[in-house]
Every structure is written in C-alpha cells, then in structure tokens.
Amino acid sequence: MAVDMRLPTARKLISLPGSLSNAEGKHLVVPGDVITSDTGFMRGHGTYMDDEKLTASVAGEVERVNKLICVKPLKTRFNGEVGDVVVGRITEVQQKRWKVETNSRLDSVLLLSSVNLPGGELRRRSAEDELSMRDYLQEGDLISAEVQSVFSDGALSLHTRSLKYGKLGQGVLVQVSPSLVKRQKTHFHNLPCGASIILGNNGFLWLYPTPGHQDEEAGGYYTSLEPVALSDREVISRLRNCLLALAAHKVLLYDTSVLYCYESSLSHQIKDILKPETMDEIVMETRQRLLDQEG
Amino acid sequence: VPADRKRVRGPEESQCPLLFLPPAAQTAEPREPRAGRGNGEVRPLFARCGLVSQAKGSSYLEAGNTKILCSVYGPREPERRDEAGVRSGRLLCDLRLAPFSCGKRGAWIQGSGERDLSLALSESLHPAVCLHRYPRAQIEVNVMVLENDGSVLAHAVTCASMALADAGIEMYDVVLGSALRQDGGASLVDPDLAEERGNWLAGYEENRGGVTLSLLPNLNQVSGLHADGELRADTLSAAVRTCMESCHKLYPVVQQAILRAVKRKAPPPEK
Amino acid sequence: MATVQVSEAEKVYIMHGVRDDLRVDGRGCEDYRHMEVETDVVSNTDGSAKVSLGHTDVLVGIKAEIGKPKPAVPNEGYVEFFVDCSANATPEFEGRGGEELGVELSNTLYKVFNNRHSLDLRSLCICPGEHCWVLYIDVLLLQCDGNLFDAMSVAIKAALFNTRIPKVQVSEDEEGGKEIELSDDPYDCMRLDVTNVPCIVTLSKIGHRHVVDATLQEKACSVASLLISITHKGLVTCVRKLGVGSLDPDSIFEMTEVRNTGTEHPVQTHTRTHTHTHTYIYISEHYSYFFI
C-alpha cells in the first residue's frame, strides 16, 4: 500500500531547458497574427487573407513549403491522410458499416466490404454476414486499420484488408496527441524488450504482448483470452508509463525514443515512472541519448 | 427547485409543535423499550401481493407501523428511446415518502433524501433482476411509503422485490432487506423511528449508527449495504452478520406471500 | 459518471492483471496514484483546497455564513454540501447531465458527516437558538478520471483545515436585543479541529480481488464497489455499496474487518491514507505561509 501525496509547487521548481530551447527556434503564432504582408505567398491550411495580409487562424507553428504557407496546430484532432495507420474503437454497428472513433473530427467508417472476413480474401459478403456483423466487431472493440480514403466532409473511410490489421485482443491503449506520433515507414514494432506496439497516426497507441504465431485462418478476428504472463505484463505496463512520460514532455514517439525511454526507466519501479521527478529524470536521459545518436 | 404551485401550501416556514415542548416533557415521555420484543427480534411482518389492480405487479408490506406500498409497471417500451441500453433493460426505481408519513410534514416534490433512497433501492434491486432478458425495455418500480416508523429502506427493498416477483419479472433471487441500529453496546434489529433517531441529542459516545443491508438469500450475495454514524470495524461486521441472519428469518414470510399470490392467479385445477 | 468504453479483451487483460497484483499502470492492488494537495487556492473563500489524483481534479471552497440554528439542535451550527459536476470535466455533464451524480455525491457527503465527532458542530454556535455559523462546502469537479469520492474527501479535509472563521462577539444592549460584532483583526479567527474528519476509501471489486483508487477503465471492469469512510482512529462513519452488482459477504468482511494475517489490510490502508493526508495538509498549510 502506498499513498504518495505532495504539494503541486514542488514540481514547478524543475525547469525543462530542453523544451524551452526547442520552442525558441520556431515561428509560433496565435489566431489573428499577421504572418506576412508579402503578397507573393500562397494561402495554406490554418491561414486566411485579410487586407492582402496573410493571417493565422489557428495557434501553432508556421510551416513554409516554397511559396505555400500553412500553420500547423500543435494540439488538434487527427487529420487523416490516405495510408495512415490508425487504432480506433467501434462506437456503432450500422447497415453494412461500422462507425469507428479515431480521434478525428467525425467518426470514421469501416465498411463491411473493406474488411477481411474469416475464410479468405475472396469470400463474397452474403446477407448472413450483414446480420452477423456484431459477431465480428461489436461496440467497444478496438481495431487497427488503414485510412482508405477521405470523404469530402473530412470523415475517414478505413480498411483492414491486410493480415496485420484487424481486431485487437488483450493489451493496453494509450492516448496521446496525434502530433506526437512520428510518421515512419512502419508503425508496427516488435520491440526487443518483449512487447509489441502499434503507433497509430491518430495518437492511439496499442501495446500488446508479442504474438507467438499468427493465426492466418481467423483473418484477424480471433482474440485470445488466455491470461498474459506476468513478465509480459510488466513490460507492457512499463512501456505504457514511458509513453505517457514522453507524451507529457512532448517528445516525438517512435520505436527508438520509446525504447530508449524504456531502458532509462529500468532503474525505477513501474509505478514510480509517472511521478513528476522520475518522469523528468527519465525523459532527460532519453533526450540526451537521442541527441547523442543523432549527432 | 421548481416551486410547487398546484397546491395551497402552508406558511413559508412552519415547525412541528412537538419541538416546543419543554425539555423536561420531551425526555419524560414514557416509552416501552422495544415494545416488548428482544433486541434481535424483528417486528411482526404483514406482506401481501397484488393490491393495485392496474399495475403489472404490486405488494403491500407492514412492519409494526411502517407501511409501504409498491407497484411495478413494465417491462415496456421506454418513453425516451436513447436512454435504453441495447443489450440490457433499464430498472427505474422511485421511492417517495408520503407528506404525512413522517413526524414532520414533507413536501410532495421528491427531496434529496428520497432521491438518495431511490438510488439505494435501485442499487439493491439491480443485482437480482435479469435485466439482460429485457433488452431495450424499461421496468418501473414505484414505492410509496405511507407511514414511516423506521427501517424504511430495508422494508422498501423487500416490498419491491415481492412486487417484481408478482409482476413476473425474471429474477435470480428475491431481495430481502434488513436494518439495524447500533446504540453503544446494544444492536437493535429492525428499529422503529424513535430507535433509529436514537438519543442522538443526548449522547456523544462512540459506536452508534445505522446499517441497512439487502441480501439475495439463496445466492448468498449482498446486493446493498448502507451504513452511517460511527461504528468500529468489528461492530460493523457483527452488524452485517446480524442483518444477514434477520434477512433469513424474513425469507419464509416473503416466500409464502409470493406463493399465495401465485396460487390465486393460477387457474382452478381441472377435475 | 463519466464513462469510458472498454472492449471485452481489454477487460480480460485488466482483470488478469488485478489477479496478478500488477495493474495496467504498474500499481499493486492497494496503491494510490500520486496525489497533489494544495490549500488556500481561492481568495474569496474562508477555506479552500485543490486535490489532483491522477487526472481527477477536485476544487473545494468553504464559506462560513451566519444563520439560524436548526430548531432540533439549537446549540449547534450546521454544514451544507453541494457538489457541482462542471461540464468542463466531461461533455456528459452538460446541462442537467451532471445533476444526478452531483446529488449522489452530496448525499453521500451528508452521510459521511452524519455523526457527532467528525466536526464539532457546537463550536459553530454563536448564540444558542439564534445565531450559528453555517459552513457551505462547495465541491467542484474539474476533471474526472475515476475515484471521485476519495479525492473529494481529501480535498474537503484539507479545505476544512484551511478554514478560518472570524471571531464574533455577542453584546447585549439595554432592551435585551443582541448584537453581533465581527472582529476587525483578520488574524483573530477560529480554526476547526479536523483530526476526526473522515477520509473515504473506495474499494472496487474486480474479479475476486479488490483494488483502491480505480481508474475509469478499471471501474468499467468492476460491477460493484464498496465505499468506506473512516477516521484516523479506525471508526467507520459511512459504508455504501456502489454499482449494480452484488458482493459476497466474505469479501465485505475482508474489505472492512481488521485481521491479524500479517498482510496489510484495507482498514490499515485507510488509516495510513489518513496519516498521509494529515501530514500533507499540514505541510501544504505551512508551505503557503511562505507566500503570504
């Protein structure tokens, strides 16, 4: 039994030199700030033209690609693009489609025709399939999927037509801001510390025990309810707390940063990682290692 | 709180005349301790099912001077569709104390105390009702306390479970309620109103409080537990044990009352 | 209450974790998340405190006003609780959505304080039968991340400790009329004795074990929980079964009884919580002096 109580002011004394210096080099704006009055630029997302002046409409960082100026909001819902890997939760079962919460503006759609059903890819979708949709995925279930297309209103259409996507079994979901997930070639990692992670572009991160063998027949809709070994649990819980610590200090999340953080947390107990001072220490160490590796 | 404009109300603030008795008269009030029953004995219980002909099921319960009427409506289509669960039904419980039921006149509008009792009632009944058998439906349990002479919640639970049984709602078990008042060393089972209040005004000793427990007797599961006051941990567990025992004592009475109602409904035997 | 959706597989994972005494965030079954207590946070109140427990944030403000004692107890003041579930905490509380939960929480608080020792109400009496102090304890939920009851009780205890009630003098004029005079000196005030103010510990039953300080996800896996409010002496002032499930009598005894089995017991847990609360309330109080 442990009750850890403290005063909030104790934490504020520790400053974070790393994050401050990072912010200084960036051009940050708030809505209404004039970015430039030069008419030679093109208006991008997050800006509007006012009296020939390019003005920001969101708070965030100014990005310039040749003549195009955008403002990228740092804290936002997920703006999906085709090909993004997402983790989402089923909110509703409808006619021939599921509604999926993916941290975007509107609920995403997963059509019955864009999932792999047990029995092979070329199976026809029958009326029975339509009636038994809830047997595959029901409200509350988690899935991993890929963005297939974006509708005109901004809603996403998802698909799971690959064996790596599908229903998620036992594991832990961690939610962070989508802007903290680094875009990479692959978002599925089997970490050497003994667990696997799906870094969804939408900020939903899924930690799960590394599967021993892939059951191909089930088409990704089979979930094992066997107890997970205690050692795997420890790794997953540690990774979960590391992810939250990194997110709290706004460190980009990708396999290396997660792994470094995991390694520097090993000297602490799992439950202590989220204490502010431990969090500071671990994240500092991770940052240092990432800097060393880069340069 | 919206004002109750429909009825002519009394003066803005009125007090019960008993409060203005001289202090000497208040304490000198001769009262037979426990009206001749032992500390562990419950008051004689009268229970019948099926009094309200309009309701799907109903019951009436009398324990000493505590009189409770309960009616059950449903399962039926809920008025507001969005509130019903897809996979299991909803159990709505509403407990009201009639304005004349207590020493002090109450309001017709449900007060926060009644809302609290309704919630406690609902939490105590919930585990017993097979709500998954009634998806999208709602079941309404209305309890009216006609006279409050202590142990209201406990008897309301018993009464409501009888009404649910009478209405033919699927249940895992009946729910029995029992209350206990701890006054120093004495544990009084099924306290009446005077005992429930205790000599709250006079005493500052520790270890006094009230416990109400609801039990599913056959499954041996506690579906509700409410205690307040000040109790030592060992007294509390002893109180819980005593309450469970007195629930078991109630069981045959409740069982008989339900069976009686079932027999009456059954068609006459063919010759 | 703010609810989260949890899939069946996640539930299984959480339940097995509780069985192995390793919860999703690395805590054991009897570990609290780390808690922050800050007192004297709102200047317009007579006493205030803010507690954050994980992402649960509770702000308590106490105001003392002069009122008339209740006729049944003429020589005591009284306490009024009000819990507001702000729509800031979760969109579910918008409009009247938070009302039900607010009433439930405040009714529980009345039960928790429904005894003679938690607060010495006689000290709130100014003039028997005529004037007394009424303490309005307003609880504001700023963020919900499970375990509202425990966080709320710690915040109330801290705020009561922080409360300063101005001293008053009752003077009688020739006609026998009484006049109340408030002391001019802001430091001439009365403090409340909070040693007996109880703390709430909520135990949620998950599988065959129970955990303290359940997160929203864990709450979704638990059908029933037992709320116990307890003073530093180990006196239970309120017990309440919460949720739609039922509990085994044995697990109730296990949750409430003190037994000499060598393992740490919930009641000891509660008392421990208490001591911690005390220490930190004291520290936070002294700490705030530095800034005055």
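Every chain is named by a letter (A, B and C) in the order it is written, and numbering of its residues begins at 1.
Note that contacts are C-beta pairs under 8 Å (C-beta built on N, C-alpha and C of every residue); 3 or more make two chains touch, one makes a residue touch a chain.
From a predicted model like this one, the values you see are computed outputs, not experimental measurements.
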Innermost chain, where centres are averages of C-alpha coordinates: C
Chain centres computed over CA atoms; the one at greatest distance from chain B is chain A
As a quick test, compute the distance in whole Å between the mean CA positions of chain B and chain C. 27
Chain A and chain B: spacing of chain centres that average the CA atoms, whole Å: 51
Just curious, how far off is chain C from chain A if you go by their C-alpha centres, in Å? 36
Where chain A touches two or more other chains at once, by residue number: 139
Given the complex, residues on chain C that touch chain B span 71-73, 103-104, 106-107, 111-112, 114-117, 224, 226, 231, 234-249, 252-253, 256-258, 267
Name, in rising order, each residue of chain A that touches chain C in their complex. 1-9, 89, 91, 139-142, 168-173, 223, 225, 227-228, 230, 233-234, 236-238, 240-241, 269-271, 273-275
Listed in rising order, chain B residues that touch chain C in their complex are 15, 19, 112-113, 115-116, 119, 123-124, 126-128, 200-201, 203-204, 206-209, 211, 216, 219-234, 236-237, 240, 244
Could you please specify the touching residues of chain C with respect to chain A in the complex? 5-10, 12-13, 16-17, 19-20, 22-28, 30-38, 50, 52, 212, 264, 268-269, 272-273, 276-277, 279-280, 283-284, 287
